Every structure is written in C-alpha cells, then in structure tokens.
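Dropping the structures in below, format is structure tokens.
Look at the two complexes coming up: chain A is in both, with chain B in one and chain C in the other.
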Partner chain A sequence: MSAAGKVDIATGRRLDGGQFSLCCLTVLAALLPHGSWLPLPFLILLLVLIGLRWLQRWRWPRVWPWWFRNGLMVALLVAAWTSIGTISGTQGAGFLAAMLVSKLYEAERARDARSVATFASFLVMAQFLFHTQLWAMLAGVPGLVLALATLAALNEPLSASLRAWRRPIATASRLLLLATPIALIAFALFPRLESPLWGNTGAFSRGQLGLSDRMEPGQIGAIALDDRPAMRVRFPDGAPPPPALRYFRGLTLWQTDGRSWTRPGWMQTRLDDLPPVPDYGIRHEITLERDAAPWLPALDRPLAAPAGLAFAMDRSLPIPRQTGNNLRYEVVSDPTLTLEPFQLRPYLRSLALNLPEDRNPRSLALALQLRSQYPDDRQYAQRLLDLFREDFSYTLEPPPLGAHSVDEFLFDTQSGYCEHYASAYATLLRAAGIPARVALGFQGGYWNSVGEHLVVRRSDAHAWVELWIQGSGWLRADPTAAVAPDRIERGSASVAGLEAGLLGRPGSAWTWLRDRWDFMEMRWTDWIVNYQVADQSALLQRLLNRLSSLRWTLTPAGIVAGAVLGLLLWLGWRRYRSGAGADDPQARWYARFRAVLASVGVDSRPSEPALQLAARAGRHYPALAGELTALARDYQLARYGPADRPLPAGRTLARLWLHLNRERLRRRRQTPD
Partner chain B sequence: MSQTATEPVAQDLGSLSAVLAEIDRIVLGKQHEVRLALACLLAGGHLLIEDIPGVGKTTLAHALAQSLGLDFNRVQGTSDLLPADIVGVSVFDRGDSSFRFHPGPVFSQLLLVDELNRAPPKTQSALLEAMAEGQVSIDGVRRELPSPFFVIATQNPLDLVGTYPLPESQLDRFMFSLHLGYPDAEAERQLLAGNYDPLRLADARAVLTAAGLAAEIARTREVPARPALIAYIQALLQASRQHPQVRLGLSPRAGLAVLAAARAWARLAGRDHVTPQDVQAVFVPLARHRLHPRVDAPVDGHGLALQLLDDTAIP
Partner chain C sequence: MNATMARLQSLLPRPTRGPLPLSAPQRRIYILPSRFGLLFGLATLFLLLGALNYNNNPAILLGLLLGSAALASSVMTVRHLARLRVVAFKAGDVHAGEAQACRLVLEPAPTRRRGRSPNRAHGHVRAEVVLRHEAASTRALPDVDGRIHLHWRWPSVRRGRRALGRVRLASEYPLGLFRAWCDLEPEVSALVFPSLETPLPAWPDNPQSQAGTPLRRQGTPEEWYALREFQRGDGLREIAWKASARHDRWLVTESRAGQDAPALEFGLDQVAHLEREHGIQRLAAWVVAADASHQPWRLRLAGTDIGPDAGNQQRRLALGQLAELP
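Up next, the complex of A and B:
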C-alpha cells in the first residue's frame, strides 16, 4: 500500500543515478583534504578514475566483472606503493584512498553505497594523522556530511539533480549538528592515554616539516617560504620583548664536518630540572605546532618553568617523553642570564673548538691571519662581524656549496642565508681558538593584535652563534644581523619582497582576516588539539571534586557510557511509544507492534489495518507468518471484538522481536550478497 | 487496497455462503464485487452499478434476485420513460366505473433499472421517493412497497450522449456504486470455454426466501461496533470534509451507510464484530459517488476515497 512495502530488506536495491552520483561526490570530498600530502600524479589518477567511473555508469551502465575490479584494485595499490613509497604508518592512508576509489567500481547496490560511505568517513578521519589544524577539521566536514547524506539518500529514490540532493544533505547536516553536543561531551570526558598511540618523531625524520637537530647549507632556506605557523607565544605579564630580543632558542650544535653541524647524542642524557618560578624575567606561554620542531623553543635564555621542564646540558629544552604531544608550556626567560661565565668544562671546551683539519683550508688561514691582528677575543669576534657587513649579501636562494662549504661561501659566493653565516662564523671563531657553537631556533614573529600573541612561522627559523668568552660566559652573536639587520628587526618577511606577497600590508583587509583566522586557529590548538590528560583531570576536578587517579580513568568512561546508554534507551523508548499519543493500552500495544516490525524493516502507515500489516510482514518473514497473524488477530479481537478480550501480553511482543531478528540474521547469512 | 486483504470465511455464515456460492457460479471471477453487492443488500441499501456494457451488470442483478428468492422486475431506462411506467397507473375501469390501480414494476422486491441515466429527471425522482421512503404516492394515495425493497440500477459512464446525469441527492440514495470491470484472465477463459450458459441463470436456485433475507438483514444490524471503530468512521467522515480537493464531503447519512455496510461485510466474513478492515473494504464503493472533487482536482471520487483511507490513521 505504501512505498515502504517495496523495500527489499534482505539485499538492498540497485542504486539509482542520484544515489550513485552522491557516492562519487562523497569519495571526492573525502579524498580532497588528502591532496595536501598525496603525491600529485597519484591524486590526479584517483580523481580521473572517479570521474571515469561516474561517466561510465551514467552513459554505459554495466557491471564490471570480478577480474577487472580486482585487477584495478591491485594496480591502484601498486600505484600507491610506487608514488608514496611506503605503506607503513600514516602513509597507509594512501592505500585507503586507493581502495576506496576501486570500491566505487563495484558499487551497484545499496549495500555497496553503505560501505562506501563508512569507508569515506574513515578516510576523512585519517587526514587528522597529517594535520590537526582548524582548517583540517573544516576540510573534513564536507566529506562527513556527504557520507551521511549518502546513507540518508538510500532510503528512497533520488534523482541526479542538485535540487533533489538538498534533502539528504539537509538531513545529514541536521544529524551532524545534533551529534555535535554528544561529540563534545565525549571529547571532554572520554578517557585519554597518557601518551599517544603513535610517536610524533616520524614527521621530523623526513626533515621536510620543520627544523631538525642537524644543520646543512640550504636546509633552513628550504622552509623559508613555509608560511605556516610554528608556534604562538603569549606574554601574560605584558608586552612582548622588542624584535631584536625575540630569539627563541631551540638547541645548540657542536660537531661539524666542515659542512653540516650536528649535536652529540649524549648532550641530552643528563637533564636538570628548571627551577620553579623566580620573581623576575619574562614569563611567556608557548603553543608549539606538533611537527614544527623536535624540541621546545623558548625565549633566550630560559630561566625557569612553572609547570616543570628539564633542560639539557646546553640549556635546550627537550620534549618530555611522558607528555606525548602536549606542546603547550610556560617558560620564564631572562635575556641577561649568563651561562657558565667563569669556567668551561674541559671536555665541552674541546668539543666547542673542534674542527675537521682537512676541510676549509682557506678559512683556517684567514682566521689565523685575522687573529694575529686582533688578539682580543671580543675584538676578533667584532672584526668578523664587520667583515660580513662589508662584503656579504643576504639571499634566500644562495648558490649550492660543495664539501668545503665555508671556504666557498667566504671567498666565492659571499651570499647566503642565516645558516651559512652561522656556520662560517662559528668556524672562524673556532679556528681562532674561541669556543663557539651554533644555536638553532626561531627569530622574530608577527604580533597578532586580535589574539594578543606572537605568531612565529616556520619561515622564521633561524640559526645563530653562541661564543664563549672568559668572564662573560656564552654570548649570543648573530652574524645575520650584521648582514641584514632588517631580518632581525622586522622578521623574515622583510627579505626579498616577501612582505607584499606573503603577508600583506598592515591594515589591509587581508591582514585583518588573517589575524582573526590565526586567532581562531590558536584557540583551536589550545582547546582541541592540546586537550590532554592534564586538562581533562583539571576539568573533572572542577566538576567532581577530588577523585583518586584510578577513578579518573573509570569515571569519565562510566559517564560517557552512561550518557550514551541513556540516550539510546531514551531514543528506543520514544520510538517504542511513538505513534501512541496513546493513553489507552490497546493503542499503545499496537504502536509497539508497529515499532517492532519497523525495527526489522517492515514500515507501516497508521492507516494500515493490523491484519493487513501482519500479512505483509508475513510475506517478508514467511516462517513467522502464523505468529504475526495470531498476534494481530488477538489485538483486533481485544480492540474491536464484541466482548472485552485481554490484549496479548507484552512479552509476546518481545518474543516476536527476538524471532524476527533471528530470522533476519539467518537470512543474511544465507544470502551473502 | 483492501481487495488483497486475506481473511478466511468463517463457518457460521449459513445460508449466506450458499447464496454467494450460487451467484459465483453464475457471475464468473467477480467474487469480491459479488460480495460487495450482497453486503449492500444485507445493509438494506440500493446498488448502483457503473460500467461499460457487456461485463455482467444485468447478470449480477438477476443472479442476486433469483438466489435471494426475491420477486424481480426490470425497467429499461429510455428518454421517454414516464414516472407512471415505473410506479404504475390508475386506469378507468368501465365495468365498475372506477379507477383501478395497475401497479408498475416498482412493486416488486427487487427492481432492476437498466441505464438509469437515460431516464428523464422526472422519472428519476419518482424512483427517488420509492428508494428513500419505501412507498410511492400515486394520485394522492400512498402505497407501501413490498419489503424488502431493493433497487439495482446500472449506468454506462462512457456514453453520455442523451443522458441525464443523476443529481447528487439521487446518487446519495444509492449505498454502493460498484465497478465490475473486466473479468480476470482465468475467468474469461472459462467464460469462453463455455462454462457460462445463459440457461444457468434461469435455473438458478433460490437459496433464501424473502423472509430469510429479512432475518439476515436484522441480524446484520446487530453486529456490534466498538467505540474505537465508531471513532475510525467518524475520523474518515471528518477527513473527507477537510480534504483540500473535496468540494463536498460525506454526509452523516453516508456515515450511517458506512457503518451498516461494514457490519454487513463483517457478517459476510463470518465475524461477530466490525474491524477497520471491514470499513476499508466498503469505503471506496460507498464514498466514490458521494465525494465530489474540486474542478481542478487531479483525481476523481475513487482516487479521493483511496487517499482518505491512506491518510486517515486507525485509532
């Protein structure tokens, strides 16, 4: 009598054009956020395959044979392998994408569409392995909405016009909105692991995302155009320090082979705790993007950490092991702090003077010659800076250098980026017997007046030199400042016309927009990405007073499980009672009868007589036809019969539900397709 | 929609099942319609059969009359049919110098009016009094009609040239408006194979007597209807009056007819109570000619009746 009668519950209908197009669109939307990391040829291949499949089903509908589908899948997997190079870890998402696209080639029935939608949602989720920023979340929304819309559209025929899609999309959006509060509660209360399931070191080993603990010519230049934020710094006590003091020191590099600089592994083996808060210094709170650096940068020089951090021998701050990816920390720094002013430990001293003998001979000779003119350490160091200032130029695209990179830089090219200057400066200092090391970190930053914080971008990565002078300890010397003072005063953006292109003029609409976006992104990072065990306990502590640590794990789980269970029970109860504005028991019984049948796919209209409904359901479940008819007849007798007959007991309905579901399961096992 | 309802016929139908069997023997492949026609008579209503020529309208009427043991008259509707041709006429008798009344065909227990819409309006309305009151007034004298009194009228809905469409008041007097439709393939094959013989109609047995039919009608009136069912019928009436495409909804008289017909249908199903399914079974033939769609409505009365059934929740 109604459309519901036509639904084939066992196998699911063939997809019509509209539903299939929605499937394709879902895959497309789930795939696109991965475009940020998938190799371009592979991505294009996938997109083309989606388009071809869509066109093919539209114009030349046919079911592809199994060998074609399997062959296509294998070919796609191979393509993923060759273009991505690995399947381990997060890169496995490339395989996922390949399999999803090949799934489209066998999508013919409602069941396939269901797995495509589920699979696509998973792919959407997988992109958070790569990006945790706000835009990543926003980029996931279309895929999720479309996946839900696909599921919603399976219930009735859908024409392939955008107008017709409005309804399933509206349904999906409404569902997502409804789910948001539940998701938030689950997010806030769901128990978290102390450390994440996967380490965050993998990203650094590729060396393409941020700074690493190694410096080679051209390495920082490679990220000089990377406009993404590396960290955000807030100064709770007042204004930020002047630009010239905005050195965010990461770690120091000691060993050189004449070309690259590295740091001895044991530097990090002995850690000392930073003392708690002193009553002076610049207090600042840093939120570091997870993949921006393998250590915690802090304003030079870190003095204390209220929440507790340890520093290594060179006073750099390694990422504590236990915190996982909690990269928000507070440090108090004092730019005037002196380090080891009176005596350098002998092994450190020898390490800070060590140079490979067979490299950069011209530089060594130059150092000896200058040293004879300037025997005083400070004068010698100053003379070197003057030397740079006179003849050298600063460029983002320095010529490539060979094995004697310092020689080539000093005498031939004479133009370079901060790492070239730092490397040459440290080499010349060491050659003259002055202990020196290269410091890596960030310098500069952009003051966001909306969020009142300093945005330090990856392009602000910087290298400078620390030299040791008797009585003064380690001093910071930045040869880049001598060559290009603008770089230090106004930040990396002042170099080479970057200002107009990347950042825009202050006061323009673009700046206005960017400030606000950056502010939102910081809040996102603070509240969502960096929401950790500690925050959770703090929240719960506020909510639930003090609890033992065991309960901290169990209580949230219990609360979430209880809330979900309660919600499900409530929804089920509502459905059970639905239709029954029913205050009399007979109408209520019948509403439940209908609800039981609806739960196994036999929908009914309120205008359908009981026996007719029972007969229709009996055609779907022939094994239970007798039971269904008997129940309907008993109900009819009770409601319309001449004498007051009792209703069938409530447990007969429960039994019916059980039988129906058993039957359905049995049938599903019998028909695998 | 309800044609597919499967309900076994219970045993205590008695003579009624024999009547059904007898008619089914004569009218092939029309069990549902035959049942509806019998229900109509059991509910004390008059029957209008609307269909094209040659599908068995007259045969059905004949079979009903004979198997129910009713005396039977037939009038062919033509444009020159006068009221007197139906109700009868007083003729001056020279012998005893007085008017003697010659009763017309209406004085029978079952009157078949073929092609009613070809009769002129005056004749139609003469029939109206007979159908409504069970009496006729001739020359100022009221004359009672025999009891039970049924009218079965047929009309051809397609060939409308030279016809006088029945006014709404007249239509309302008919309880059911039946469509017979073509027989199904199996029945038609049997028909062609010679299993139908006009002679059979002649030797149809009278299974019931007029008195027996009257008793059945009385019993039908006593089939109980519970409040939930009354509520359903009322909801249907209400819905018909509020439907946006209906110009004229169902009258209270139509409501009474629904209840009576549903009782008869329940009785024919061998049940001792009325269910919503009975109401749904009789609703379409009962409401089809009473629901008048708006001029711009996309459906006719039949479609409207189906819509009402589909939209009205069973309480």
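Up next, the complex of A and C:
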C-alpha cells in the first residue's frame, strides 16, 4: 500500500471480528421475522449455517475456496426451492434469505459487509409481504438497526470487547431516530399508485387462514382457537349493539352435496350499488384484516354505504376489485330490515330448497315426520330449535363425520358446533319445504374500551341459517344459540376455554395490556397499513383548507407567534455566539456587567480583567469609580477567591446601571450650557 | 473526467486560509454520495418501487426510514468534518530530493453542549479522516484523545521554505454513504535543506585549523571540564558511565581539550568559485560531515555567524540558514 496509491482501505481491508459478528447478527435479525412463514427445516438449516460460519471464522479464520461458496449457494437455492415450493412472487423472499446466508460465507471484506447490510434490509422489508401487523414492523426494526450498525462499524473499527459494539449500534439508533420524523412526513406525502405497475398483487392466500366461501364440517373448528383479530368495528354514533345482535354477515351458501355447502358462482355478481346513507340504522366502520375473509362482513343486515360498495344477489358485499387491499369501509345496517318479504323469485326458491336425494336419508325422514306434526312454518322451525336444545351439545372437538354428515350428526354424534348445527338445521328446513340458506360470517366480538372499538377475532367465525317465511321474508335463525347460548352472549372465548384462565379475566393485567396493544394495532392498521391515495389527497386537502382558513383568521396571532419565535431564536443565537457558559453564573454575571458598561459607552473585550475594566470605566465616570471598583473586586473574589464567596447580587448591577445612566443624563444636560 | 472535475473545482471559492488552528466553515464543506451511497440509494429506490407496487405501506415506511437515515447520515458527515480543526503541522528534516516526513494533527473542537466532559466529546467519534496533499494521500483514525495524526511523505525538489499549500480533508463517517470534504490552506511551511554534494568534497583550506585533520577529543580525566546531558550525536566514549549511574541519567564529559580545539571554518567565500547552488551544496556537505565527526565548526554567512560549536542544534541551524539563502 503506497502512500500515494489508490488503495481504498475502507473496501480492501479484512473485516475484523466485531464487524463480521455484526454482519452475522444483521442476517439473523433480518431472517428471524420470516420464521412465521418459512418452512421450519429450511429456517433451522439457515440458522445453523449462520452459527457455523460465525464459529468457523472466529476459531479457524480461513477463507473458503470459490467452489465451496458457489456450491453452497446453489445447494441453498435448491433447498429453498424444494422446501418452499416456489420462488415466484412473495415467496422469492426465501431465495433472498438463502442468498444472504451463502453471502456470509464469502464475507471477508468491507465490500461484502456492505452488500450484506443492503440485502439484509431488503429481507427485512420483504417480510411485510406476509404480515403487515404492528409486531411485524417492530420485529423489523432490529434488522434495520443492525444493518446500519454494520455500515457504521466499517468506519469505526471495533475492538474485541463487547462494549465497543455499542458505538455503531448507538450511531445507527440515533440515525434512525433522526430519520423517523422525516420518514413519517415523507410517508404521508410519498406518491402512491392507483393500480400496481406489474404483477397480480391482490392475490393473497385466502381461505387457509380465515373463512372461505365454502363450508364443510370441521372447517370453522380449525380456526376456533385462532385468536388473531379478523376485523375491528367502530360505531361512530355510539355504543355497539348488544352481543345478541352482533352478527356480522358475510355471504350465504345455497348449494349442498349433503356434506359441504357452497355458493353458485353467479351469486357473486355485483348487482347494484348500495344506496346513500339514510338517517336511521346502525352506522359502523369496519377495518378488515386482509386475509380474514374473502368478502366484506357487515352487521346484519347491511342497508346502505357511503360509497364504493355494491350488493351481490344475496345481499353480501364482495370486495371491490379496484381498491387493492383497502379493506376499511363504512356500512349502515338495520337489524330489522326485511328482505324479499312477499315473494321469492322461483329460481331462488328452487335453489333454496334443493337437497341431494341420495344423502342423509334418516334426516329427510325425520323432517317429514316432524313436518306432519307442525304444518306451520314457524312452529316447525321452532320445534327443530327445541330439538337441538334438548338433546345436543356444543363442542369444538366433535367426532369426524362421513358423507352423510347430517345424519351422523343428528342421530349418532349429537355434538358439534355452529357449522354442524347450521348445516343440519338448513337441511331439515329444506326437507320440509321451507327455503333456507346458510349464512357465513362472524358473531360476537370483544369491546375494547381503550380504543372504543369492537375486536372481532378469527375465532368468532360463525355460521347460522336464514330461512324464508311468507310475509316475513328471510329470517335469521341461529341453532347454535339454542344449544349454547353462551357462545352468542359471551363470544367464542366462552366455549373455547380461553376465558377460564386467570389471563382473560376482565381487569387483569393481561386484559389491560391486550386492550392497549390492540388499540395500537388498530391505529397502526388505520394510519399506516390502510393509508391510501384517497387518504393522501384528503390529508392534503385538509391541510390546504386549514392553511387558507388560517391565513385570514390567525394572521395577527401568527405575526405575534412569529415575532416571539424569532426573538427566542435570536436570543438563543446570541447566547450561542457569546459562548457564555450556561452553567457558569460568574461568567453570566460578568457578561451582564460588561453589557451594562457597554450601554453607557464603555466597550470591552471578554478577555479584559474585571478590575482593569472597572478602572477604565471609572476614568469615564469618576463619580462612580468607587462603586465600579468595589463591584469588580467582589466579582473577582467570587470568581477566584474561596469557593463559598457569593457573587454581587443582580440588584447591584441594576443599581449600577441606574447610577451610570443618571450620570450620563446629568452630563448631557450640562454639555449644552 | 479529471478535467471536468478540475474545472468544477475552479468554480468553487478559494479554500479557507489562515494560521493554525484552522477549521473549515460549514459552508465550505462539500458533500457527494460515495459510490456505495449511489448503489445503496438505487437499491432503496427499487425497494420502494416494489413496495409501492404491492401497495404495502409498512414496507414503504421502512424504505423511507432507511432512506431518511441515509440522508441524516450526510448531516453527521458534514458536522464531523466541520468540528475538526488543524492544530499542528510538523515536517521532518530532509535534504532536497528526498521525501519529507510530514505530520498534520487534527483535533475536534470542544462541543458547546452542556454537561459533556471534554474527554467524552473528544473521544466520541472514531471516524477515519482521509487527507490528500499534492500527490500523496493518507488516512488515520483518532487516538484515545480524539486527535488524528496524519502522516505522509512529501517529495522535495529544491531547497528552501515551501508552504504546505492546499490539503483536502475527507471523511465518510458514519455509514460510508456520503463523502464530505473540505479544502484548507493552513499558513504553515516546511523547510527543505540543501542537498549534499557527493562525494564529500575535501575540507576547505583554513588558516586557523589544520584542515583535513580531524581533531579527536582525547582528553584525560584530568582534563574534564564539565558534565552535561547526553545529546544525540554524542559518542559512546564520551559518556561518563559512573556519573551516569549515580545520577540515573545519561551524562557526557566535556573536556577542556574539546573546548579549546580549534574549529573548522566554512564560509561562502570558500565556495565563491563554484556555481551558487553547487557551492551551497558543498557547504551543506561540509557541515554534515563536520557534525558527524564531532568536531567543533563554524559557518560564516553574509550577516550571520554560527558557531564555533558542535551538535545537532547547530547543524540544523546552519542547514536552515543555508536552505533559506536567496
């Protein structure tokens, strides 16, 4: 390395132990949040490889040959391929993770550390393709801090001691803190796209985690313990409806093969837009987690919406195509609304009565037998509910059912949960000639008094039945309510056993914490995740309005505030320039002393000794020479004498100012004579 | 590329000049993204584009956070450089034609912030500073006191005093994304001694001393005159071992003989027949040779008269005088 050479030490130097460890930590921190979706064996493989590499470089610091590094990379990519199954789209993040880990095996120089830091921040960001919750953001922060700390460490070589690591990490944290306000402002103003540039980005894997547009025995039970929020509902006009009315209707299922219930595809067609908001009904605003359901649930029964929503044929609300993943919407509902009260269209009627003839023969026989006893539709429906109440039990772990699932449920197992009851009830109704359909959605919810919103969890998924009765139209009937009233009154937690423990009790620390966390999560979803073009323009509009209205109403106040601010800034600047120590009362006193003298025409330099200055001033004002000298001596004693010597009081300075000015006035009066 | 840069450079205002300590005002500090910074910016841009495409607000937020942190680091870079001031410059002894060992010492200005002990403020930033001066470039990290010692070798051509000229300080602290630099012209100079004539010319004809016969100080203990501190250049024989052991420091004897020995005499008139530079080189060579042989000598120049004496200090004084001859 010649002195004049172009050798860039910063990129050519070998990484020291601390720098390399930071690289490893960065990859680790960026990788860990992906643990939620990466196949476990693959994740463990990557973690082990990181650990091995760290250990190897620490104990046997040799450089791997190129064929080993390339072979490892290919092997890792193949492993990613086989374990994840695909590398396209969002799953490409697994590839990125594999590349990053293999990059660690060739990380020897500063340049490698820089690529590791850059791609690690890529990986951190890629996790948001899978989760957008608040915890995901918080989980991403360590990766970001460490990536920046890796970069910082390249400019501050680390010693071996652990404490030396604090410096780059502190630098990185400080930078991120500095960056936060800038980033937030930029976030609000950053231009958004109305439609994606490439690819189909709306397709999230739905149905595996939440509800789908299909119901089979065992399906809802699978998510009964899923405690994640599905949606949050706010009621701007006041309190939420009582628990018994908290039915969030999604869609209706019409077709059955005796076991599963589905919905004909054409049912999904958007029929007509919702009418504008009337002055009655329950107004509510829903924020739906985007993988919770493939439709927009709304409080039964949706009546109207401000804009953008349309009804399908069964009065369900399909997700509008254009909005991407903006799943915040407002709906007005009226629980008392009647639907198609007098006439059911023939093809709908036949659809609502259709049953496979070769399935569930015992149920059909039972229906015919009961129907002969209860010819009235309402009485028959009520008799069925009584039947459920008498003999059946509610459980989240029912025995599995076969092809004749309704028969097996009704006559053999006699235990199940909402979808068993809904399925059986609808089947029995149809068999008796009463049009019926299964409604799918959510029921219940937990009232968060901190955020004043209703949290509906995935475990609140529910199925019930709507039956059509001449003159009343479609009526909601929930057989589950007959079997397990607790499920309806107190929510799914009451039956899942979640509430039984100490944790779920209202007033416990856990509830306290959960309420607050949920509140923050909702704010996060509202303000960050669902921030869209429309919000952006609304924000700008509001800002502009605010500004233009401010101009006229607040001008005088603005001028005053500006003046005060300017004065404060000027004072701060002066103090900064004068350098008078803020913690040094003596220096402050002397500065004031000098200022007093300057006001009567005796200028001085900060370096001038007090006694000399006093003597000089005394020559200008002989009458006050004694006072000046006394003050200067007092000051000097306080400054340089014994420690407990007090400064001359501020009053004395004021008096001095008075005397000096009086003297000056007197002189000025004399001079004209 | 270089020509363009040079032209751009000429558009900038003149670098800050002044005596030490000297620091660059903040508005004379320039900053541009480094190559890695450009790549990083490009990567962040792509990232944001991807996030925008997926309409993924958390990813956008994180990307903006990353970008803002990068921008904030540029402020730190400039502030770091603005706080540094050049406090000392030291140039080693060198004869024309050799490279001169130079050292520039930088020190962070004490912060005005309250409640910070000066030590902490000094040791706070461990940032590398790169210096470029003429063709040489060097870099250094602060020591424990926060001082940065930049060493480099500066080729010399002619004897005489030369101004340090323009130095460029640059730093990529803290993330290496931006490179800030400032040009300074401290009003300090380095002295280059005349080069020595080789081979060593014969001693001048001198009436007062036997020229060419080096006088060894062969004093006996009876002739001791005084003890003095050891100086570089003193011979091993002159060390007063017993006295040194007693006083626990190196002492040498100065003998009466040494004091009384007739001095070698050099002067411009002895080399008047040579071309001027050649003559100065010859005088310099004599001075160095005389110093190496521990003989007392004197040098007469127009207006100044050095010696008779011996030792390092006198040699440097004489060489300095020779270097600065018009």
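As a convention for this text, the second predicted complex is superposed on the first by the 511 of 673 C-alpha atoms of A that agree within 3 Å, B and C clash if a C-alpha of one lies under 4 Å from a C-alpha of the other, contacts with A are read in each partner's own complex, and residues count from 1 in each chain.
One rule holds in what follows: contacts are C-beta pairs under 8 Å (C-beta built on N, C-alpha and C of every residue); 3 or more make two chains touch, one makes a residue touch a chain.
Bear in mind the structure is a predicted one, so any value in this text is a computation, not a measurement.
Residue contacts after overlaying the shared chain place A:A587 against chain B, while chain C stays out of touching range.
By the touch criterion stated above, A:Y640 is placed in contact with chain B alone, chain C being left untouched.
Greater residue coverage of chain A by touch, when chain B is weighed against chain C, goes to C. When the shared chain is aligned, no partner comes close enough to touch A:W517: not chain B, not chain C.
Legend: residue contacts after superposition of the two complexes on their common chain; A:F235 is shown touching neither chain B nor chain C. By the touch criterion defined above, A:T118 lies against chain C but remains apart from chain B after alignment on the C-alpha atoms of chain A. Chain A has no residue lying at the interface with chain B in one structure and with chain C in the other.
Residues 3-5, 9-10, 114, 118, 121-122, 124-126, 128-129, 132, 136-137, 140, 144, 148, 151-152, 154-157, 167, 171-172, 175-176, 178-180, 182-184, 186-187, 190, 192-193, 196-199, 201, 324-325, 528-532, 576, 579, 582-583 of chain A are the ones touching chain C in the complex. Listing the residues of chain C that touch chain A in their complex gives 36, 39-40, 43-44, 47-49, 51-69, 71-73, 75-76, 112, 114-115, 126-128, 135-139, 141, 152-153, 172-177.
Here chain B touches chain A in the complex through residues 1-2, 4-7, 224-226, 228-229, 272-277, 280, 309-315, going by the rule given at the top. Note for the complex: chain A touches chain B at residues 1-2, 586-587, 605-612, 615, 636-637, 639-642.
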